[in-house]
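For reference, chains read A, B and C in written order, and residue numbers begin at 1 within each chain.
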Amino acid sequence: MRIAAGKRLAAFCLVAPLVVFLVLFFVWPLATMMSNAVSSPGAVQALPQTGEVLADWDRTSPPTADMQAALVEDLRAIEDDQTVGDITRQLNSAKSGFRTLMAKTVSAVREDTGPIDLVAIDKRWSQVPFWQAIAAATASPYTDRNLLAAVDLARSPTGEIVSLPDTRSANLAILQRTFVIAAGTTLACMLIGYPYAMVAASCTGWKRQAMLAAVLLPLWTSLLVRTAAWFILLQDSGLINRMLQALGIIDTPLALLFNRTGVIIAMTHVLLPFMVLPIFSVLIAIPSNLMPAAASLGANPLRAFWRVLLPLSLRGVVSGSLLVFMTSIGYYITPALIGGPTDQMISSVIAFYATGTANWGMAGALGIVLLVATIALYVVYDRLSSSEGQRA
Amino acid sequence: MSMLRVLKIVFAVAAMTFLLAPLVAILPLAFTSSVFLNYPVPGYSTRWFAELFTADVWRRAIINSLVIGLGVTVLATVLGTLAAVGLRERRLPFSGVLRTAFLLPMVVPAVVLGVGMQLLFVRMGLANSYLGVIFAHSVIAVPFVFVNVSAALQGVDTRVERAAASLGASPITTFRRVTLPLATPGIVSGAVFAFATSLDEVILTLFVAGPNQRTLARQMFSTIRENISPAIAAAAFLFIVGTILAATIVMLVRWKSAQRRAA
Amino acid sequence: MTQPYIRFDKVTKAYGDFIVVEDLYLDIAKGEFVSLLGPSGSGKTTILMMLAGFEPPTRGAVIVDEKRIDQLPPHRRNMGVVFQSYALFPHMTVADNVAFPLEMRGVPKANRKQLVDRALDMVQLGTMADRKPSQLSGGQQQRVALARALVFEPAVVLMDEPLGALDKQLREQMQLDIRDLHKRLGLTIIFVTHDQSEALTMSDRIAVFNKGRIEQIGTPNEIYDHPTTRFVADFIGETNLLDGAIETSDANGLIVALPGNKRIRVAAGSGEATGAAVTVSLRPEKIRLNSDAGSENSLPVTILDSVYHGDHLRMVLDAQGTRLIAKADRRFGDLQPGSKAIASFDAADCWLVRS
């Protein structure tokens, strides 16, 4: 038993470096992204007393003197303008008007050290909605604002979940677009990939090797190179349009670049190997005498395919489809380079929020949506392929 | 010839054309003398390769890619190989969970990971540093090493290792003299994949790299996006030739080890 | 009695609740050739692996040369192991494979070469030293494995079904070669096999295993002629197992009553109580058909089937409700199914076995 324990310890020591590395640079970044999506920055830490008093407030009755006094105390305790700015921005995004209100109030509070009637400084302090915004912001260090916004929802001033007005909702449309493009790519891959795998499996010798090489070579080639190649081919003056024009099929160039057709063509090319390979591996595992057997039993080729080959190869199709769909929904580079503005998928929006506007909360929230969808698909895929392994 | 057979051949040729034509079509454009990426090619020259190796942005990008790719290859190969060796011990608790967990970086969308890395790396002081980019790339390169080395180790007959022990080799000697040489093909393929992954990485680079760490892939990305030039085709030419070279190495190594195992 | 060289003292091996080897006592003398024989899953390979150090026993002690070795790692046990499918190092040449154990023991390079050459000559592979294992035939690989396990003159040689992958002719040749090496070098060999004829040919003693326990241990002769249990009688060779009850016993043996009002005389096995249910083992080749020689037992039988086997006929007989298998001389070829005959056999060839 001592030997076994020593072996286990050695194994642990070998695995530990990668575990530590991935915790530091994989799990932690993802956790950071998620916590950014749900944490409500600034206000809570900066307005502790107000938060305490507002916790007992019913959010509909008129503001009390206690609430005002607590806010004044908190505002006096804040010394740097950075924090004031953070609070103001956060509150203003929930209820417009806070910018001027806060500026006025903070300077008044700083000038006078005695008790202050806030309503005297600005009448808006007597209005319930402004206090509601502060109450919502200070209620908890966590907020579901970003997560809700990611699916075009928001909380009403009284805390119920409601749909955002059409003018402010774009995310659902982008999610829907992401799924449409991914589904289109998956379908195209299936329509080309299934017959391709079938032909490859029915060939032998160099023909099969050539067909597999034709799949593997693009798979191993840089994604950027393949995208660049399609960019060049799909241009108005690109090879495809030139050829079609030379053949007299079209007069004016087809618009293939910066639209959805181009995106789906390029993504299908990029992801086709992920469809072909699982189907192929399932197909070659099917005994080659089953189709002749079906024929000898009186099935015509179509029926034999429908009743024998298709059911047996369905697992490969499902695996391949899951793999393609899962990869598609996270795609960034191909839509970014080949697509137009209306072909940008969820990854592009996340990148926009993160690098364009530094709205880490929204980037994180959409990231969570994408992450959850991807992991869910992966779990299904993993189950499917591991049950396949058990059967083999 | 039956109708079905003709159909099969037509389909196979069409699909293979779809798969290979883009790669083939971009190659001649690398040698165009024009500033446009178009057919017909008006004349041939190597001016775009010259541009690639002399223009400051491209040359720096190539050097950055090689430096970062080398770092990633070393780090990912060491971490992935150690873990794959460790996980051979099936009695290790959670080994099944770890096996799945080690593959997750391949699955998680790069943009999601990138957002998290950008936030965290700023806090860690790794933002805009070579080390940060190497770490980021290694995260997604390590599964390739792990998968390849695990598969190679799985192919090593445990009886061969037991034989070494029975002949007097200590566990460490057994590993060094028997296991490691037999797993070398897997480690080499893993390392090649790790390097290729780093070379092709754009998204994480966008999030964690500064202007000083601009890699070749990153440079290609912005060139296509902003003002496409035949330098792209020249870079693509190098990539494709490199891919074929790497594929040949991997195939050769696998073929040799398969031949050895055929016994 | 001299101290045994290898001793398993009440050794048990279990994986969780699953017991592979149970309470094993086994003594092996120096220079002995012992076969562990049994069907797959009977625990024989596990015993070998415990001796080699790859599986720690769950309970009990493994003693070699008066020292407990349970906690000794495999590489310090100094035992030559020939593995199933040989386990040659595919990346080393034949010579490097054979030199490996010498290298591990720090034998100087100059001496190594000499020892390797000698070992390879011993297995008639002197000319193959520079080849890789993949360039050798199965039989040659087997010989390399043997040379590798012997070159460092280990105290004990363990063989785990080493001939299983070879075809019949080669296997029989190797059986003789190994037997010869054993005698010439005075090796202590423990040989695991599921092939009973292999065990009978090669061994000094055979231990028959069933479900993790020794059913019987003894010389090949004892095991074949005097099986003590039903399992051994059935597993070693072919036999007729006749269930009956003891009717009377006297100084010459027992009378056993079989179903169908038949009685047979059994020579050995006195001391059993009258009326006890017993099983009689009777080897097919001990049954004579229509013989003139006087026998204690003779039964009228009907021929059910007769199959030509080259040097003999394999006959299925019906003795009034009891089926018997007999190996008959070819001259009975004209006895057609349905014809009658007399089957006779000696009381000394009937053997009582435990169920």
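Following the convention adopted for this analysis, a contact is a pair of C-beta atoms (placed from the backbone, for glycine too) under 8 Å apart; a residue touches a chain by one contact, two chains touch by 3 or more.
Quick caveat: nothing in here was measured; it's all calculated off a predicted structure.
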Report the chain ID whose CA centroid sits closest to the centroid of the full protein CA set. B
Most remote chain, CA-based centroid, reference being chain B: C
Express in whole angstrom the distance between the two chain centres, defined as the mean CA positions of chain B and chain C. 55
Counting in whole Å, what is the centre-to-centre distance of chain A and chain B, each centre being its mean C-alpha position? 24
Taking each chain's mean CA coordinate, chain A and chain C are separated, in whole Å, by 66
List, in ascending order, every residue of chain A touching at least 2 other chains. 4
Contacts with two or more other chains occur in chain B at residues 171
Per-residue multi-chain contacts in chain C, two or more chains: 73
What residues of chain B sit close enough to touch chain C in their complex? 157, 159-160, 162-171, 173-174, 177-178, 181-182, 259-263
For the complex, which residues does chain B have touching chain A? 4, 8, 11-12, 15-16, 18-23, 25-26, 29, 36-39, 78-80, 82-83, 85-89, 91-92, 98, 100-102, 104-105, 107-121, 135-136, 138-139, 142, 146, 171, 196, 199-200, 202-203, 206-207, 217, 220-221, 224-225, 228, 232-233, 235-236, 239-240, 243-244, 246-247
Using the touch definition up top, name the residues of chain A that touch chain B in the complex. 4, 7-8, 10-19, 21-22, 25-26, 28-34, 36, 192, 195-196, 199-200, 202, 210-211, 214-218, 220-233, 235, 237-239, 242, 269, 272, 301, 326, 329-330, 332-333, 336-337, 347, 350-351, 354-355, 360, 363-364, 367, 370-371, 374-375, 378, 382
As the complex stands, chain C meets chain B at residues 52-54, 73-81, 83-85, 87-91, 100-101, 104-105, 132-134, 136, 141, 148-149, 152, 158
